[in-house]
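Scrolling down, you'll hit the structures one after another.
Here come two complexes built around chain A, the first alongside chain B, the second alongside chain C.
Here is the complex of A and B:
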């Protein structure tokens, strides 16, 4: 200390308590507040903090669930410089800085706290720094638009309507991702989503492909038709459009040529372990199990009832959404690992399940839901009342189907939209006009179909008229005249059971020459014959009971896919992957 | 203000003019003209009060943008003179002879951005960060986080969680996971 400073020792201190207790400026950047109900614990504040002043910590009473990590930011004011970058980047706008700047405490540890959780005096202060809205964003709130064929370009053919991202578009969309990873938990396969989006940003698409195949061996398929639940929890979706995760996945798969897959994924030489696994069904679950078991060294043989592989992905989803050559790309790569496939082979008819048990070390069954369900209303026995699943299969097989001028489809799910739009295309080709009406019990807001499916169906000339309960099909002189319906008021009773309530006075009639039922599918387990069936434990709702690794009570029989969970492709893939781990555990510990 | 700018345009190469509000205008001029324009504004147009001087790092363009903000106490208007200089070996003619307080601003800009103002008194002396040996800290390529990591120690007892890893442990601890995610846990 300089000697002259000693002269100040007896003077009054210059620093005095603010006698007026003056309020800071309205946009002053003081201590933090966080609306913990809005916050989802994405950690973007922590990632941007230049001073590493923020930790993400668990908080009592906040649950970890889909779309919310359950963590909340804790600030260390020994490091915070009040720059407010954490506020400016906040994806939910939950974090703010109040204009409170005065706080005296003798314990330095008190200057670390969780805003919005640990009680502080300034939370009721409205002033301070908030992210100004609108147009003050570090990232684009709007997703990069996906090019698609206009309705008039696509409504008379089955060519693919989604065009895919260019390099520039994909990189721009990838650039919006904040890499929080909240989406990973919601994806049934728990894909490394932020990691593969980062690979796009780095233009390292081979690394991107490796990340995709870590958890999903059907990326071309999923990149087109995945139910993309991940996007429903995307942190960017809170204030803008969620990242187009599905289209980015497709971009990686599209850009990697199939002939380079083995080199990129290092599967040129797989060491065999001498054990064999039989797989029933070549849908997503079966193919996924086949892939991951192959990597573990197992010899795989798939038994497929139909003439081509893919299950519902090929025979249920129309070609304009999922072109067959893209299914082939994913399937052929799996087959190239040495997986054998027996087409046109029905278990229980051509070969028994017990025989598979004799010839193989374990069996995985991913047989899907291939039986259409009927409303069983009057008139459904008519020959021109069809099941959607049956028609979709015939369209894929190239078989000519009955396409009259007026068609009614009963059902509000994605399969109903698939058959509605497929029939519309066939009508357009045959008659030059579309007269398909889709109706469902559910109202517009509660229709289970993806919103875009409904919008696109309407763009293509289909009528979607939801909220009606089918009563009877009118048949005159052996010909269908149409469908009588009444207004559906509700679907479920107070206990949550399916129990539709209708307003019988509000009737409607949809003219039609043909009716298609698309109200869900059932499973065909007739291939499981008595000796095995006896030992098979059943779970709730007529489903077969499996453990965490999709192993049934029979031991050597594993089951997954739509018969167990879902129904959708990504659950099938996840089931197949986990069952592969389960089969490996079962056989190595045997 | 527009009249004034039109008049100045005859003598100075004004490349851009932004009429922010009636009492505030920004003009952009080439580097070689900036000090002459500031002098002209002070001596002939009544902008006798020097408000402040600042800099913006336009790293993508390889430029620094300097701003001289002047005030006319009679008309109660402000004019900001902007100019771009090269970021590499950044140097600008000094304006210390116009107002004494410019010394201090130029000294600050030398320390914070590394811009030299030859002839400006005490321009090489420390301003705020005594003994600073790193890259000038207001340059955008100065990595503040790396500096924090290298300079300061974490407070004992601090721990954080990666949201994706934490959610996996809580929600699906037994699911098959990628090698990458396993690495993150270590």
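Here is the complex of A and C:
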């Protein structure tokens, strides 16, 4: 049919009229853009890139901080194949491909650029490839639920409420990790978190234990009550739940029997170097220093004021959060390395600090914050107004404490929740019902306590009523009637100083037979006697000045833990470790 | 018959044998033969590989294929990457129909990890759609392209324009025109955009019109008929001997179609019958492909009508960064535009495949079969024969 070939001669041409301005489809995978404010530089895009086209590089104006590596992806268009796996895996949804596909440049170096930072023409394009929807994920966003005792099973006993992960649960949770290491940077002890999570995935829990003990000699304890700053910054938390790093650590420690520790950690035979170090206090800082100094060959003697080791971990944290046998597991392993401990020995009373200096080559003090603070409002001098810290210690020691039917706790931190929930349990045992009210200056959103603590306290029948400023305790005929409060509007003034502002017209009254104050603790440094004190340089806020290795201006005295940083367990552990290195340097004159 | 150019009939007894086979001693110093090379430049789909031809006059007496000019070790590259990182590399193994590679690699990983049952319905239909769209764009180039090899270039221009419209649909569905990277382990990477079906239907109507025109242009064309009829005949006896598949087998009456023989995805829910012909020559193969063009348009319409409106596109799977697949091996196949296209995949329990082996039709069609079919052919028909066997060199050299 010869005319077939001519059939389109009179038709309109089908060629694109203006090929230079042809808009690509809305889903087109063109050039990269990155929302650098959303991006945290986790480097998962770099990990997934099959062409190694992505490098994480430092960028001007973006500082490294907790939860942000300070790095941003740099793309090499000589290698990129525009598969957009980097976009699909992005943990913050900051990375995208625009639908721009035309770019001419005479300088080859320009084709390596940092999206969102280096100026390009296509950033204002809204279309392009974003992570597909719905239900399209390259990893689990939801954390594996942790089994815990129901409120009715736990509200009248001090049995541990968190049950721990099974093997399957732990491996499923460990699978969610993208190994970015943002957690490691933030953890005060810089634990090898992605590495030990990997050990769980590989079911190599002995390797996991070795990684834990590289930086943290109290994994059973930290695996239960660590303040988990790692989870706060976890990159998975941006779109889903952060990895349960704390429970995974506990899983490793739980699964390794204590008899095997020495073999796994290869601490059967430690070579002694003949030097002696004294440690004051057997809290996290002291135990950590003791452990790492022992590994270095030092003879360690710990001086502990109380009858058992653990400091605030044992005498501050209730048993339902941290069972005593788990403290013993960690502590006993450290003591098994040859660490001597003198219980019921108070420095400054039973033995002076100067005597320690004479007998030992160096001294590390991790004495903690064991003094309660008072609101000093009217009525606090009453005998049934207590400090939370002394009540918690008495509960641990098994001493009987005063538990009336109605109690008010002042404070919104974790310690306040600890005493609230402990008293609730004692009330439940004694009266069969709970009538504890916790109140704090901070509003619900700003309460410093962990969210789950507040939720669980309420599950157990406690009333948590935040946002009130305590005014006075009403006492009639020598008996406490309750606490008068007014609404608290703000805590800090413009300069950032603590200066609560209240609405005096909005009053409230909490009925109570007993008031517990839990608004923070202070340190007791009375054991540092005059000759040493004279040479001690002080830093801001009444704290003692130390160098990077926690060495005070008195060369032989090192200090760490809550008195210096924190307050929490993991800072204490980190301080103790660093101080151990400092002491070793000091004594070997490095 | 007297040769009209020479004016006399040459005495063939005095000429060398025209049935020389590979290995036969062809004495080039006798000056009775000439050796010429076809390629390795890139004149089209027949490029990227090279055919060494011994000719006597215009007649090929011996042919030897040479590959290795575009070997980039795709299989090995995939073996050194995580399971999820395989698909962007895999599509380079056959650019003509990239989606087939994505489907194979995704299905292999799913079968070995036990997720093949968990792939969402929606994703299965979308996979079928993208595979049929890939077949369609391949045929839009391939059917008129056969005419192009016999100097009928106009049909190619019509076909490539329509192919570009299908690539527009690919662009809005997958985010790219050629390297779609759409099918991933566990599902696909996107739902149909709004209005996709209407725009697709517009394109299909244009293609319906094209199908009629190309029939008039090519199959009613005496030059095309004269050159294609009786050229490079594949007989049914050769099918098993050489491992011939797809439209090349169907061209000689052997109905082979993986979609029917071993249905995958939801092909059993579609109503179709693979077309066949009997002659087994270039014309018959092209005619089968032309019929398949009609059928593919129909299949796309059926898929768009039967697919669900919404649904999940991907099944939840382990973190792609740590995904390990237990020890195992599998062979997954599908019907590509060129015939059975399969992948042998071995895993060893690690996070990367132990062995990836792609087996495409060109591996036999364009090597063993081509070498034999070229013997006796005219030099001018060599391209035509290669195209009629749907030669795709990248799939030979993975």
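As a convention for this text, the second predicted complex is superposed on the first by the 565 of 590 C-alpha atoms of A that agree within 3 Å, B and C clash if a C-alpha of one lies under 4 Å from a C-alpha of the other, contacts with A are read in each partner's own complex, and residues count from 1 in each chain.
Assume a residue touches a chain if its C-beta (ideal position, glycine included) is under 8 Å from a C-beta of that chain, and two chains touch if they have at least 3 such contacts.
What you are looking at is a predicted structure, and each value in this text was computed from that prediction instead of being measured.
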What does the overlay on chain A give for chain B and chain C, a clash or a fit?
clash
Of the two partner chains, chain B (first) and chain C (second), which one does A:71 touch, if any: first, second, both, or neither?
first
Could you say whether A:50 touches chain B, chain C, both of them, or neither, answering first, second, both or neither?
both
For A:240, using the defined touch cut-off, is the partner it touches chain B, chain C, both, or neither? Pick first, second, both or neither.
neither
According to the stated criteria, A:112 is in contact with first (chain B), second (chain C), both, or neither; which is it?
first
In the superposed arrangement, which partner chain does A:24 touch: chain B (first), chain C (second), both, or neither?
second
Return first, second, both or neither, reflecting whether A:136 touches chain B, chain C, both chains, or no partner chain.
second
Among 153-161, 189-197, 207-215 or 387-395, chain B is struck only by the chain C stretch 387-395
Which chain A residues come up in both lists, the one for chain B and the one for chain C?
50
Quick check: in the complex, which residue numbers of chain A touch chain B?
41-43, 46, 50-52, 54-58, 64-65, 69-71, 76, 78-79, 112, 180-182, 184-185, 190, 192, 194-195, 211, 214-215, 292, 548, 574, 577-578, 580-581
Quick one: in the complex, what on chain C touches chain A?
81-82, 84-85, 87-89, 154, 158, 161, 168, 171-176, 179, 181, 187, 189-191, 193, 213, 216-217, 220-221, 312-314, 316, 318-322
In the complex, the residues of chain B that touch chain A are 144-145, 148-149, 152, 154-155, 158-168, 170-172, 174-181
Per the contact definition, I'd like the list of chain A residues that touch chain C in the complex.
1, 4-5, 7-8, 14, 24-29, 44, 47-48, 50, 81-85, 88-89, 97, 129, 132, 134-140, 175-179, 201
